[in-house]
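Order of writing sets the chain letters: A, B and C. Residues in each chain are counted from 1.
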Amino acid sequence: MHSPRISHMTFAVAAALTLIGCSQKEEPKAAAPAPTPAAAPAAPAAKPEVVVKIGHVAPLTGPQAHLGKDNENAARMAIDELNAKGLEIGGAKIKLELVPEDDQADPKQGTIVAQKLVDAKVNGVVGHLNSGTTIPASKLYFDAGIPQISGSATNPKYTQQGFATAFRVMANDVQQGKVLGEYAAKQMAGKTVAIIDDRTAYGQGLADEFEKGAIAAGAKIATREFTNDKATDFAAILTKIKSKKADVIFYGGMDAQGGPMTKQMKSLGIKAKFLTGDGGCTPEYIKLAGAASEGQYCSLPGVPLDQMPGGKAFNDAFSAKYGQIQLYAPYVYDAVMVMVDSMKRANSVEAAKYLPEIGKTDFQGVTAKIQFDEKGDLKGGAISLYQVKDGKWEYRETVGGAAAAPAAEAPKPEGEKK
Amino acid sequence: MDIFIQQIINGLVLGSIYALVALGYTMVYGIMGLINFAHGEVVMIGAMVALFVIKALAGLPVFVTLPLALAAAAGVCMAVGFTIERVAYRPLRRAPKLAPLITAIGVSIILQNLAMLIWGRNYHAFPPILPTSDHEIFGATITSLQIVIIVIAALMMAGLTLLVQRTRLGRAMRATSENPPIAQLMGVNINQIISATFVIGSALAAVAGLMVSANYSIAHYYMGFMLGLKAFTAAVLGGIGNLAGAMLGGILLGIIESLGAGYIGDLTGGFLGSHYQDIFAFFVLIGVLIFRPSGLIGERIAERA
Amino acid sequence: MMAITLDSLRTDKRSALIATAAIGILLAVAPFVVGSALGNSWLRILDFALLYIMLALGLNIVVGFAGLLDMGYIAFYAVGAYLYALLASPHFGLHVPVWIIIPAGAVLAGVAGALLGAPTLRLRGDYLAIVTLGFGEIVRIFMNNLNAPVNITNGPQGISSIDPINMGGITLAKPLTVMGVTIPSLHAYYYLFLALTLLIVFVSIRLEDSRIGRAWVAIREDEIAAKACGINTRNIKLLAFTMGASFGGVAGGLFAGFQGFVSPESFNLMESVMVLCMVVLGGMGHIPGVILGGVMLTVLPEFFRHSAGPIQQALFGKILLDPEALRMLLFGLALVVVMLYRPAGLWPSTIRRREFRNGSASDVLKEGE
C-alpha cells in the first residue's frame, strides 16, 4: 500500500496551491462593483452596474415539474419587474440575474445544484420547492453564508436546524394543520373525520398536524388512510371510509390526487365534505374533480391575492405572461421581493451584510404581511379558507393572522449563536 | 356486505385496468422473451393523443369523437411501438440479454420528456367520454365506463387468444416464439412477425391509455411509469407470456390491493394500514413465485441457462 | 485502446507499476484539479460518483459475476443509510462512532441480501428481476411508513441533522487542518470515499480470481453444469447476494454521513435502475468497465445540466428547447446509442467480448429464448 503516501505528498502540494487560488477567488465579487460598461448603454455613464445573481431551485423534470416551472416563472417575473424598475443599492446600479436550477425533487440532486449555486457565488437562493430537497441543501447554503428563502417548503424541520440563513415565506405544516383541524371540527361540524395522506413529507406532515388539531377541537378520527403521490385509484380507501361514516374527509397531498379522489368519492356515493391543504388549493383541482368539486374546501397560507395590495395586479400580470398560477408562484414572488427588500435596507447585496436584515423584514407581500420569527418562520401565519362555488374557489374566511401568536415552538436548537 | 361487494368491484375495475396494460407486456414477452419496459410510456402517449383529439373536437357528439380519438391514439402508438422495436430492440436481438433492458429505459426517458415538451408539465383533466351513470349491484356502485373497461379487457384477452391460436399470423407468432431460426427456415418472416407483435401491443396500449385516463379523468406525461410497473407485476404474477395469465394476474392484483387497503387496517388493529397497499401485492407475488416459479398459469419453462 | 494497454500491463510488471503510480497521483490530485478548475459542484459530483461506483461494484457481483438480475439493489443502500441515520443523529439521541456503524451497515445489508436471496433461489431471469424489484419497493415502503405506531424511521419526513462522518475526533464536515494544510470538507470526503472504493475494488478483484468468483461465473454461464461440477449453487448464490449487498450497505452509510439527511425518496426504484444501468452500460462483470459506467452515469446528466442551455445559446442564439427536458432527452438518447453501438457495454472484458463475437455469428436470434 504505497498510494496513501503519494496522495499525502501530492495533495499537500496541490492543497497549498489551490488554497492560494481560492483565497483570491473568495473575495466577494458583488461588494466590489465590477463595472460592465458594454452591457449598460442606457445607464448614466457615472453609475457602475453590478450583477446580482439569485439562484432558484425547483423540480423542472419529473412528476412535480409543473409546480417547479410555476415557481421559476414567478421568480423570473419578480426579477424582471425589479430590473425594469431600476434598482440602486450601495450606490451602484443593480441588475438582477436569475440562475434557475432543476433538482428533480431528489435530495441528492438538491445538494448538487446547491453546490453549483454556491460555486456560482449567488447572492441569495429562493427555493427549493420540496422540503426533502430544501433541508439537505440548506446546510450547504448555511455553510456558505448564503441566505435562502423558500416559498413552499413547509416541513417544520427546515427552520428548526438552527441555520441562520434559512427562511420561508409560507406557513409551515404545524401552523396550517392546526388551523385546518380546528376548522374541520368546528366550522365544518365534523364530528368524525377521516384523514388521508399521500405519504410524502408534505402530505404526512400536514395530516399529522391536522389530526392533532382536530382531536384538540373535539373531533373523532374515524380512520386514517394512506395513498401515494403517484396514485390515481382511491376506491378501496374511500370505500373503507364510507363504511366508517365520516362527516369530513381531509386529504394531505396534492391536487393531482385530490381531484380524482373527490370525483371517486362522489361516484361511490360518499356524502362527506372534502377538505384539503394548499397542495390541493388550485384551479387544477376543480378541473380534475369536475362537478364533484362543488362545495369542497381548501386552505392556503396567507390572505387571498385580491385582498392584498398588489395581489390582483400580480395575478393579472402573471396570468398574462405564464398562464394560470399553479400554486406557489405568489409565495416565490414574495420570497424574491423580500430578499431584494433586505438588500435595499442593508444597502448591500453582500450576503453577510443583508442577511441580518432579512430577519428584520416587515414587508407587504402579495400573500401576506411578511415578518419572520427568530427561527426564520413566517410570523403569525394567517391561513385562508376557500370553498368551491360554481366551479371557482371562493374565499370563505381567514383564520389567525398577524395578531395571532406564532404557532407552537419547538425548542430552539443550539448552534445558531455561532 | 355492500361494502365488501364494493371492494370486490373496486378491485375488479382496477384489475381490469392492470390487465389491459399487462396484455401488452405479455404479448411482446410471449413472442420475444423481452420485457418491453417502455410499454407504460406507450400507454401514456395513447392517453395524451386521445385527450388532445377529444379536446380538439370538443362540441362534436361522443360517437364521433371517441372513435376518432381512439383511431388517432392507436395510430400514433402503433407508429411509436414500431419505431421502438426497429430502433431500440431489433439491433440488439443478438446482444446480451440486459442490453435491450437499458435501451428500453433510455426510450422511456426519451418518451417521457418528449411528452413533457409537447403537452406541457401540467396534469390534464380528461373529459368524460360516456355519460356518467351509476349502476347499483347489491348496494355497491359501478359506473358505465367501468363496466365497459371490464368488458373490453375480457374481450381483448379473448380476441388476442384467438389471434394467437387460430390465425395464420398467430401461428407464425408461436413459431417465432418457439424457435426463430427454424421458423425462418419454414418461411416465416420473423422480422415482420415481431414488428406486427409490437404494433398490436402498442394498439392495445392506446386502448388502455384511453380507458385509464377516462376512468380517472386525468392524464399526465408521467402516468405511464407506475401503471407500467403494476401491470408488469400483474403479468408476472399470472405467468408472463401467457395471455390468460395477464388477465388473471391483473384482476388478482387489483382485488388484493383493494381488499388489502380496505381490511388489513382493521384486521391488524391499526398496525398495518393502507400505506402498505403496495406491499401486499409484492408479498403475494413473492409467495406465488416461491411455490410456482413461473407464475400462476405460466408454462413451466425447461430449466436451462 | 485502453483495454489493450491494460492487458499488456498484466504481463509487464514495470509498466504496471508506473501505471499504478500514475493513476494513484491522478486520483490524489483529482479533487484539487476538479475543485479549482470546475468548481466545488463538480467535486461533489465526483464524491457521488465514488458512492455510485461502490454501488455498481456491489451490484456487479450479483448481476455481473453471478448473473442474477437484481432490480431492487438500492434497498441495501437504504439499509446502510438508515442504519447510519438512526445510530448517529438526534432522532434517537444516539451517536455511535462511524467505525462501528459502517461495518455494522455492511453486515446488516449483507443479512438483508441473504434474506432476499433465500426465497428467490429457484427463480430465474425476469422472475427474479420482478421479485427483487418488489423487495426494493418493500424496503422503501417500510421506511416510508415506520413512523407509526412506533416511530422508527420518522417516515416520509426523513431523518435530518445526521452526524457528519467523524473519525478519531476529526470531523469531515469542517475543513481539516493536517500539518498546516487545510483540506476542505468535500476533499476530505473524497479521500475517504476513494479509500473505501479502492478497498471494494480490491475485494472485487480478489473475489473474481478466487474459487468463489469462478463458481459465480460457472453459475452465470450454466447453472446445471455448475451444479454437476459439484458447486453448491445455493450457498454460492446466497454469498453473491450477501457480498453485493454489503458493498451497498457501506455506500449507504457514507451517503447518510455525507448528506446529513436521509429520506425514503432517495431510495426509489429509479435509483436501482440507474445502478443497474451503470453495470450494464459499463460492461457487466468487468470491474474497470463497471467503474467507467458508474462515472459516466453520474457525470453525464450533470454535464448535460451544465451544457444544455449554453450550447443551445451558442448554436441558435436562443434557448429553443427547455434545457431541463433537453438534458433528460440527451441522457435517454445516450443510453440507447451506447447500447446500440456497444451492446456488451462500453468496456467489456476481453473474454466476454470474444465470446460475444463468436457466439453471435453462429446462432442468429438465439438470444432472448
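Here, a contact is a pair of C-beta atoms (placed from the backbone, for glycine too) under 8 Å apart; a residue touches a chain by one contact, two chains touch by 3 or more.
Note that this is a predicted model, so its numbers are computed, not measured.
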Where subunit B and subunit C overlap in contact partners, by chain label: A
Chain whose average C-alpha position is farthest from subunit A's own: B
Dominant chain pairing [most C-beta pairs in contact]: B-C
Inter-chain centre distance, subunit A versus subunit C - centres from mean C-alpha coordinates, in Å: 33
Chain centre separation (subunit A, subunit B; CA means) in Å: 37
Set of subunit A residues in contact with two or more other chains: 61, 65, 199, 226
Multi-partner residues of subunit C (at least 2 other chains): 144-145, 322, 325, 328
Where subunit B touches two or more other chains, by residue: 113, 116, 275, 278
Interface residues, subunit B side, partner subunit C - complex: 29, 32-35, 87-88, 91-103, 105-110, 112-114, 116-117, 180-181, 184, 190, 229, 232-233, 236, 240, 270-271, 275-276, 278-279, 281-283, 285-286, 289-290, 293-295, 303-305
Complex contacts: residues of subunit A adjacent to subunit B: 61-63, 65-66, 68-69, 199, 223-228, 230-233, 235-237, 239-240, 242-243, 255-256, 259-260, 263, 267-269, 284, 287-288, 290, 326
List of subunit C residues in touch with subunit B within their complex: 63, 69, 119-120, 122-127, 129-131, 133-135, 137-138, 141-142, 144-145, 149, 221-225, 269, 273, 276-277, 280-281, 284, 321-322, 325, 328-329, 331-336, 339-340, 343-344, 356, 360, 363-369
Residues of subunit B defined as touching subunit A within the complex: 3, 6-7, 10-11, 13-14, 17, 113, 116, 120-123, 125, 128, 132, 134, 141, 143, 212, 216-218, 220, 222-223, 225-226, 257-263, 265, 273-275, 277-278
Subunit C residues touching subunit A - in the complex, by the definition given at the top: 20-21, 24-25, 27-29, 31-33, 35-36, 39-41, 43-45, 48, 144-145, 147, 155-158, 160-161, 179, 181-183, 187, 191, 195, 198, 259-263, 265-266, 302, 305, 322, 324-325, 327-328
